[in-house]
Structures are given as C-alpha cells and as structure tokens.
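There are two complexes below, and they share chain A, which is joined by chain B in the first and by chain C in the second.
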Partner chain A sequence: MSGYFKRKEKWHKKYLQKDATLPMEIKVEEVSPQMSVIIPQGEIDMGSSGELRDVLHKTTKNKVQTIIVSLEDAGHIDSSGIATLIEALKKVEAYSGELRVVINTKKIFNVFKIANLDMVFKIYESTQDAKNA
Partner chain B sequence: MQKTLNESVYIQLSSNPKMATFLRNNVHKSCSMVGFDEEQTDMIVLAVDEAFTNIIRHGYKMDFTQRIDIRLKIHENKYFKIILQDNAPIIDKNCIKARCLDEIRPGGLGVHFLYTIMDYVEYTTINERNALIMTKHLPKKSRTKRLSSVNQQLLQTLLDIGRYVHQILDLDTLLNVIVNEVKNLIQCESVSVLLEDRETKELFFHTVLDENKEVANKLRGLRFDSNKGFAGKAFASGEPLLVRDVEHNPEHYNKIDEDTGAKTSSLLYSPLKVQKRVIGLLGVKNKISGSFSEQDVEAVTAIASTVALSIDNAYAHETLQQTIPDLSETNRIRKEIESARLMHQATLPQALPSIPQLDISAVCQPATEVGGDYYDFIRLNENNHAFAVGDVSGHGLEAGMMVSMARSCLYTQVNFSNSISDVMTAMNRMVCGSIDKNLMMTFLFAVFNTQTKVMAFANAGHPYPCYYQAKSDTWQLIKDGEFPLGIHEEFQYSTHRIQFDKGDFVVLYSDGILEASDENKEHYGLERLLKLLGSKKWMNAQEIQLAMLRDVRNFCESLFHDDLTILVIHFL
Partner chain C sequence: MTTVVLKNISKSFFNSKLKKMEIVLNNISLTAQHGEVTVLMGQSGCGKSTLFRILIGEEIADSGCVSILEKEVFPLNKKNLQEVKKKFGILFQYGALFNSMNVGDNIAFPILEHQPQLHRDIIDIMVDTKLRQVSLEPEKFKHKMPATLSGGERKRVGLARALALDPQLIFYDEPSAGLDPIVSRTIDKLIKNLVKMLGIASVVITHELDSAFAIADRMIILKRAVPEHNDDWDGTIVYEEGTPDDLRNSQKPYTVEFLGEFSNFEICKNCRFVQQKQFTTCEKCGKPQSE
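So, the complex of A and B:
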C-alpha cells in the first residue's frame, strides 16, 4: 500500500502545493478610513462565499461608510455569493453606510438581474466610477 | 463500429463543493456545443450549479462524501434536459419554494434561479431516489442544424474523459487513458502531458503516448528548462501555441528531438491551468495527415482544461480524505473502509508489465466499499509470465482481506511450485481454511510462454475468458474450468493449454461485467459482451477495455457502479 500513498503524497507536494485548491483570495484596499474596496479573485460559489462573508463581516463591523465590492475579477457568482452581498447590504444600511458593487461583465450582471437585484444594489462599471460616485 | 453520440451524457460526482468547478466547466462545454449562445449557456450553468449545491446543503446536509449523478440529454431533438439524482432522504416537494422576491433577504434564491432560468423544473423520484429534472428548449438553429460530426466526436471525447475523471482515482492511469483519447480524436503521432517541477523550474514529460514506443520511453521523465523552446513559450504565455513548420523555425529547441531520436514537423501546445496558474502543458505532435487545424486547437484547449481539472480533482480528493473530521462513529468507520479500499487498490498492480509480444490493458474498479476483485501479473522468468484474475464472493473487509491473503499465498506459491495445478491446490486449501467457511473465490491462473506462445491455465469458477482467433476471425469462449476455490479441499484442478498466434486476443473479466444491470434489472450478460467484441476489428488491448467499460456504462446508465475488472491481452 505504501506505493499508492507515497506516490500521491510526493505528487501533491511537488506540483500542487498548498495554493492549488486556493481558498479564494480576496484583495482588500483601504482607500481611507471611510472607504474600502473588496476584490474577490476567482469563482464565488458555495465553497468560497464563506470567505467573502468573513471579509465583509469585518468591514461592516468597523462601520466603514462606503464599501465597494468589485466583481471585476470574479469569473462566477452564485446565489450564495449574492446572499452574502444582501446580508452585507442590510448591515451597511443599518448604520446608514453605502454598499457599491462593481460589475463589468454581462455574465455577472445577468445573475443580479434574474435575482431582481439589479435595482437594489448600486452598480458601477468600474472601481474608479464607484470611488468617484 | 462508428463512434456515435449517445445523446445522453452521464457524470457522477462526490457531493463536494469543490466539484462544482468541474461540473460548471463540463456543463458549459455541453451547452455551447448543442448550440446555446454564451448568455444562455452561462445561465444554464448557473442553474445546474445551484441545483448541485442545493443537494449538498439541503439533501446531504453538508456531508461531502455522498454521491450525485448528473445526466444531460437531448430529448426529441427539441429539449435539453438536465437530471440530477441523489441518495438523500426523499424530499417533500412542497417544501421546495422559491422565495418571494418582494422581500429582500438571502435564502431561497437558488431555487428561484432554477425556475427563472429553465423552462420546466420538476422534483420527482426515479428508482426511489430524488430526481430533479430541468428542461430548456433547444435554440431553434440547433434543432435544424445538428452538431457537426467533428463537434460530436469532441463532445463525446470530453464527456468520456469527464467520466473517467471520477471513475479512475489513480492519476497516472487516468492521464494514460486521456492521452489515448486525445490521440484517437486528433489523429496525430504523439501526445504528451508535461508538468512543471516548481522546485527546479523545469518541465518534464509526465505521460507520453507516441507511435514510436522507444521514443515514448525516452521522453517519459525527460526534463528541460521551463523557458526552452515552444513548450517554454506556451508555458510562459499561458496561451495555446500552434507551430506548423517546426523544423525550419529557429525557435525550435531541437535538443529533445536529438536526444530521443524523435522528429517534429508540427506541434500544438495548450496550457494546463488550475485557476489562473499554469501547471503544465498538453502537447500533440505531427498530425498524421494534413496539418493541425483551428478545430484541433479548440479541441486540445478544451481537453486541456479537463486535464488540469482532473489533476486538481485528484488533489481535492486527496485533501478531502485528510480533512474529513472525526465527527462521529459513522465517519470513523467510513474512513476505515476508505483506507481498506485504498489498501485493496494497492494490492493491485501499480503499472502494467512490459512483456515482449504482449500488449496488455487492465482495469480494476472496486465498488464504493472494499472490493473482492483481484488481478495480478508475475514475471516468472525471461520467457514465462503469469497472470491471475480472481473474485472473492461478497464485498467488505473480509473479502478485501481474503484478496490480500490470496495475493501473498500466490506470490509464495509461484516461487515454490512446479506446476499450475500445485498453485491451484495450495490456493484452494488456503481459501478452504479461511475463518469464514462460506467464503469462496473464483480464480483464473495462467502462464504464458513467449517462446512457444502457449498459454497454460487453470480456471476455478471464473467467468469464461473470451478468445479471439485471428486466423479464423472468430470470438469464442474458453470453457475449460472447474468450480471455485473454497468448496472442496482435496480437489485437483486440471491444467489446460491454448496455442496462440499473432493477432489473437484474450479478454478476462469479473462477473461484475455480466451482472451489471439496467433500470429493468436486466443483466448485461455474456451475449451483449460477445456481440460487442464481434462488432469490429480491434487494434489494441486498451481499445477493447475502454469499449467494454463504455458499453457496460451506457447499458446501466445511472445504476452503473464501477465494480468490475477487465484484463485484455493482445498477442503481437
């Protein structure tokens, strides 16, 4: 049995080090104490939306006035991702803050659209637009 | 036999959110191939993704070790149907509701997506399992203009590969099967999988299939700097690279050709990407007739993404094994069974032997639990090679243990016995002496002499081997044999002999093949097997093995459960 395990172990040590099944990377840019830009990298689905939730939770807890979630680098978003954003939106609105979402692909926009949320979120085409708004 | 698109596609996945990426990729490819535009495709992918994660969350309550079956099919040339089945407790369909959209809150969104995106959604039960049937009208243009034959072939290959990914756990075996499929599809001289060694910044040939076996052997494991030649260029850019006239191109890194005696006239590389990182390349070389087309580039790129995913998948499976928390006794037992299963896997040969004059292909896929199937190759001396195939009655740990015992008994016996019947006698006594008196084992032991081309064998109750005689161009059963081991302690098994010739085939298999059954509980059976074998001229052993797997799988559809062994020997 050692052959089986050894080979596998060697295998992933060598070619697929820890970052291979990446927990989703999320870039956070603190523009000012009143404004944060959150940029999830990769696909937001059931497996990764928890991490986005954690980051958003931290930001809303600090009551950051303007939170920008940029989905420019997100290839995919599903209902769990959307739900995470709704949750954050409610928290932000509770302290009269603002949540802005940056969407630059039709694919992602359509997901918001079929959820009937395209009018609920403030959507911008680029992070710069969202910052200047 | 023409490769036709059986317009139904079947994917089996574990209920792990990590599998969602793989599923999305495959559904995406299928949708765009049947003619949905990009926007519709994205939406259907989203719907399937939601359905999949809903089953994990609500059906299996986040148990990541269960199974989900997904079938995609074209119905009446008008509808595209996606059926997801799971083994979770039967659901009350009245409980499934889309949320009211006037209220802005998370939750219930996934179901709303399904209903909005698909034309019909139905929750039902099929064979006492939950089934979610989602239907979407096919786009009009695709109804009249069906898939081109090239696309159809590519789609079938992709889907076949998709299935293998979940049926073959061993990565090396899997990659070998994939390169074979690529070679058949693209019709080229050589296919290889190159991977990066991140420590030394080198690329090396992990899996190679080449018309010239000598070249393939030399290439396997060969390393070079990851910035050299066209491979380096494709690796650095992360984009597919097609070079039609390699020889006259100054960028060609010809050291590899010089070292291996290969000749490269045209080549095509496609990067293997896990997320955004390039981990290696899928390369094809020297198109057999004409030159590589844009369609080839598209095909290789599509397959490359599946290959990368399968590598990632192998890793996900690995980490999953390590991270299942010991929540309960059941989990602990499940984990132990899993180790026993891996142990059983490890008793099987890790690689096929290379024996002059024989071309061999084998697969042994135990069921989800520990299997009782066994096969082995043992080199006796230069001219004599032994093959063993066996099947212990029942499954579970006892069967698994019996397999291990049989294996060690066999290894001892081949060193000390003078004849096949001695080996059989000893094996029979061992099984008779086992603690569980009801345990039996079918066992076929054969010794092939490469000089005389005679195969001497004894068969203790194993399903009759199928034998193809090239001279008479006929398939027949070798019906010599007696009853299984473990029934009569003093029984003397007799030895039979067959003289082989160039071009002959022998197919050994477990009763898992014959007993595989479809939805109507009908068995696959010997008749279908012989019909399949007689349906065409086979070129090599692997071709037969894959065709058998495919045929049984198509026959059983969602009831297919992997519990089978196939060993094909081709006399060269």
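So, the complex of A and C:
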C-alpha cells in the first residue's frame, strides 16, 4: 500500500469511521451445528456490507461446514457485498466447507453474472433448495 | 426515469486574440434516459467537450440548468454535486490514470475517497472484480504502473476505475478512440452489457461511427451554427436527435454529410452488428436482415 493510502486510512480511522457504517438487520438461523443460514435484510451496499462481513467472519471462525447466504430479502447488492461474499468463500474453502448463495431476483443475479461470478458461487433459487442440496 | 437533463445551457469563453467573448454553446437542451446509451456526436469544435465538462461539473455554464439523477447540480449546488459525483463514473479519453500509483491503487482510489470504512481486504477483492469485469487479469495487471500499459489497457483500467463505486450513470469521452477494432468492440460490448444487465445509463461522446451505431439507443448530433453575414458566432445547436435507425434514414443535409458513407450500412436488429446493406443475412448471427 502506498504512503498516500496509509495516511488516508489513518485519517479516516481517526475522524470518520465511527459514523460511516449504516445499520442493517441480519437474521442468522442455525439449522444444525454444521449448517447456518444468514439472511441479510435490506440493501447490501458499501455502507452496510461491513455488518455482513462481521457475521460471516464469526460463522467461518466457528468452521461451520455449510453456510447459506440468502439474498431473498436483500433489495440490492453492490460490489462491496459481492467482495464480502468472495472473502467468505475463500475462508470456507480453506477448511473444505461450502458457501451457498440464494438468489431469487434477476437484478441481483445480473450483478453476479456481469462479474462472471455465477460460475464461482453455488447459486440456488430458494433457501429450501440450498438446504436440500 | 430521466437521468440527465440539460436545459437552455449557454457558455462563452473570452477570446484574448479578438478581445471579445466567444459563444461556444447557445441554449442547448438535452436529456438522457435511465437504462439507455445516449451518444453525442458532432464535428470538431462544435462544443462536445465543453458540454461534457459542464455535465461532469468541471466547467460552470453561463446560464441554464443541469440535473443529474434527479438532483439539480447547476445553478451550482455544492451539496448536491458532491452527492451526485459519488453516483456517476467518468471514463476520460486517455484514461486519466494517476501515473504515480499502480493499477490496483488507481481503481481503489475512488473507493478509499468515498467509502473509507471498507476493510482493505474487501477493497482488494473489489479491485480484482472490477479488473475481471473489463477483461483484465488481476494477477497480471494489478501491480503494473500506468506507464507500462498499452492504450487499450489504460482505457480498460480507466473504465474499471469508473465502475469502482457502482455508479448509476457513466460518462464516456471517446471510449474507443485510438483503439484497434477488437479492443474497440470489447469496450462497446462492455458498455452495452452494463446498460442491459445493471441498468446503468450511459452518455457517450464519440467520433467513431460504427461504434456509435453499435451501442446507441439514442443519438444526438450537434452542429456548429455558421453565421452567414457577420462574424458573430451564435453557438452550437442540436441538429438532430433520434434512434440510430432514424438518423441513418435522415434526409437532413448535415446529418447525411456527417454520417456520409455510413448510410450504406445497416445494423442487425438481433446482435447490432454493423455491415453493408448488400448482405441479406447478418454475417455475425446469421439472422435475415429483413427480420
């Protein structure tokens, strides 16, 4: 990281970070010790993806074998949300787990498709399908 | 939804040689719709670039009104302008990359400026995703310096940076100028995909006719109004506006002259491939041209 970004990051941490994150409700359903369903509600954008990251971090830290992220109640996901899922996928794959994503709208599916991520993630149309897979 | 509205924009510059004000834009009104590619065309010196700078807030018009994403940004409203600037991306003609930063830092720059709360690891993944979107391999390009990139690569990195904040609107200044036909078509395809799949509105300024016809949903041709009897310049006018098919079949003398040879070509309605009228089927997708 260049000197400019280091100074910038330090400055932002000092003055801005506390106010920057917007709240987002995330439901976590523990189906079994080996399976968790994470349901973010509302828009997953640059202001709120940090919360999803925290929840995914806790789940991957416990090495839950199958994590299902249901985007059925998410109105929108931006590239920071996608990046959060990619980070989680890397962590899950490191302990040979599985990350499944539930998408039921074309709008959200297109965000994955344009970045060629529809081939990277295991995508299902409903949470039930993801649980049964 | 109307994404960009320009109403009665006028702009003049002081000509130090003639020691008088010279009108560049006179009473221009334009609109660009959500989910559409709007292409602005016109001969050199007709005021396209001035209009572009006014649109992105780099130039202040003398009079008129500019609204972007339903927020009025001119007459100058700094709060709205700052808010709107986060929601649109700009691809400059030569990429306008920071030469002192590598490709990854160039793309990360707007994210760090506007969304500093994001974790650095997340930003790194976002940069990789944006590079893949513009068909560049992150491992190969992320650490390169702009000086080592070719023209096409610079432009694609510039586009990745324009996409960094997931904009709702992108302004392109000559996106395919100086590129070979293959890279040019890749950029055109990318612009079309962004509009089709994510609904991002695009305003494109270009001279490349085949590229313009391949991507445009609506085209606007600007003309520099030539004074007949005096040397007082009365500014650019919007000469003609319509779909690519409307303009291709236009009978207006300036449009026919400007589009020139292009009137001998047609666009496939299925894949928008541009080819000469003499062919009965599309050379790319094979569909009959009469369909």
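As a convention for this text, the second predicted complex is superposed on the first by the 111 of 133 C-alpha atoms of A that agree within 3 Å, B and C clash if a C-alpha of one lies under 4 Å from a C-alpha of the other, contacts with A are read in each partner's own complex, and residues count from 1 in each chain.
Throughout what follows, a contact is a pair of C-beta atoms (placed from the backbone, for glycine too) under 8 Å apart; a residue touches a chain by one contact, two chains touch by 3 or more.
Just so it is clear, the model here is predicted, and its values are computed rather than measured.
Visitor: Mind working out whether A:V120 is in touch with chain B, chain C, both or neither, as first, second, both or neither?
Guide: first
Visitor: In the superposed arrangement, does A:V102 touch chain B (first), chain C (second), both or neither?
Guide: neither
Visitor: Using the touch criterion from the header, give the chain among chain B and chain C with more contacted residues in chain A.
Guide: B
Visitor: Just to be sure I read the superposition right, which of the two partners does A:A74 touch: chain B = first, chain C = second, or both, or neither?
Guide: Touch status of A:A74: no partner.
Visitor: If we overlay the two complexes on their shared chain A, which of chain B and chain C does A:T84 touch? Say first, second, both or neither.
Guide: The answer is both, since A:T84 touches chain B and chain C.
Visitor: Check whether A:N110 is in contact with chain B, with chain C, with both or with neither, and answer first, second, both or neither.
Guide: Touch partners of A:N110: chain B and chain C.
Visitor: Which partner chains sit in contact with A:R53 here, chain B, chain C, both or neither? Use first/second/both/neither.
Guide: A:R53: touches chain C, not chain B.
Visitor: Given the touch rule stated above, what does A:E43 touch, chain B (first), chain C (second), both, or neither?
Guide: So A:E43 only meets chain B here.
Visitor: If I apply the document's touch criterion, which positions on chain A are contacted by chain B in one structure and by chain C in the other?
Guide: Residues 1-2, 4-5, 8, 12, 16-17, 20-21, 45-47, 78-80, 82-84, 86-87, 110-111, 114-117 of chain A touch both chain B and chain C.
Visitor: For chain A, which residues count as touching chain C in their complex?
Guide: Touching chain C from chain A are residues 1-2, 4-5, 8-9, 12, 16-17, 20-21, 45-47, 49-50, 53, 78-80, 82-84, 86-87, 110-111, 113-117.
Visitor: In the complex formed with chain B, which residues of chain A make contact?
Guide: 1-5, 7-8, 11-12, 14-17, 19-22, 42-43, 45-47, 76, 78-80, 82-84, 86-87, 89-90, 106-107, 110-111, 114-117, 120
Visitor: So in the complex, which bits of chain C are touching chain A?
Guide: Going through chain C, the ones touching chain A are 101, 105, 108, 111-123, 125-126, 129-130, 132-133, 163-166, 193-194, 197-198.
Visitor: Using the touch rule from the top, collect the residues of chain B that touch chain A in their complex.
Guide: Residue list for chain B touching chain A: 17-18, 20-21, 24, 39, 42-43, 46, 49-50, 53, 56-57, 101, 104-107, 109-110, 112-113, 116-117, 170-172, 195-199, 274-277, 279-280, 311-312, 314-316, 318-319, 342-343, 345-347, 350.
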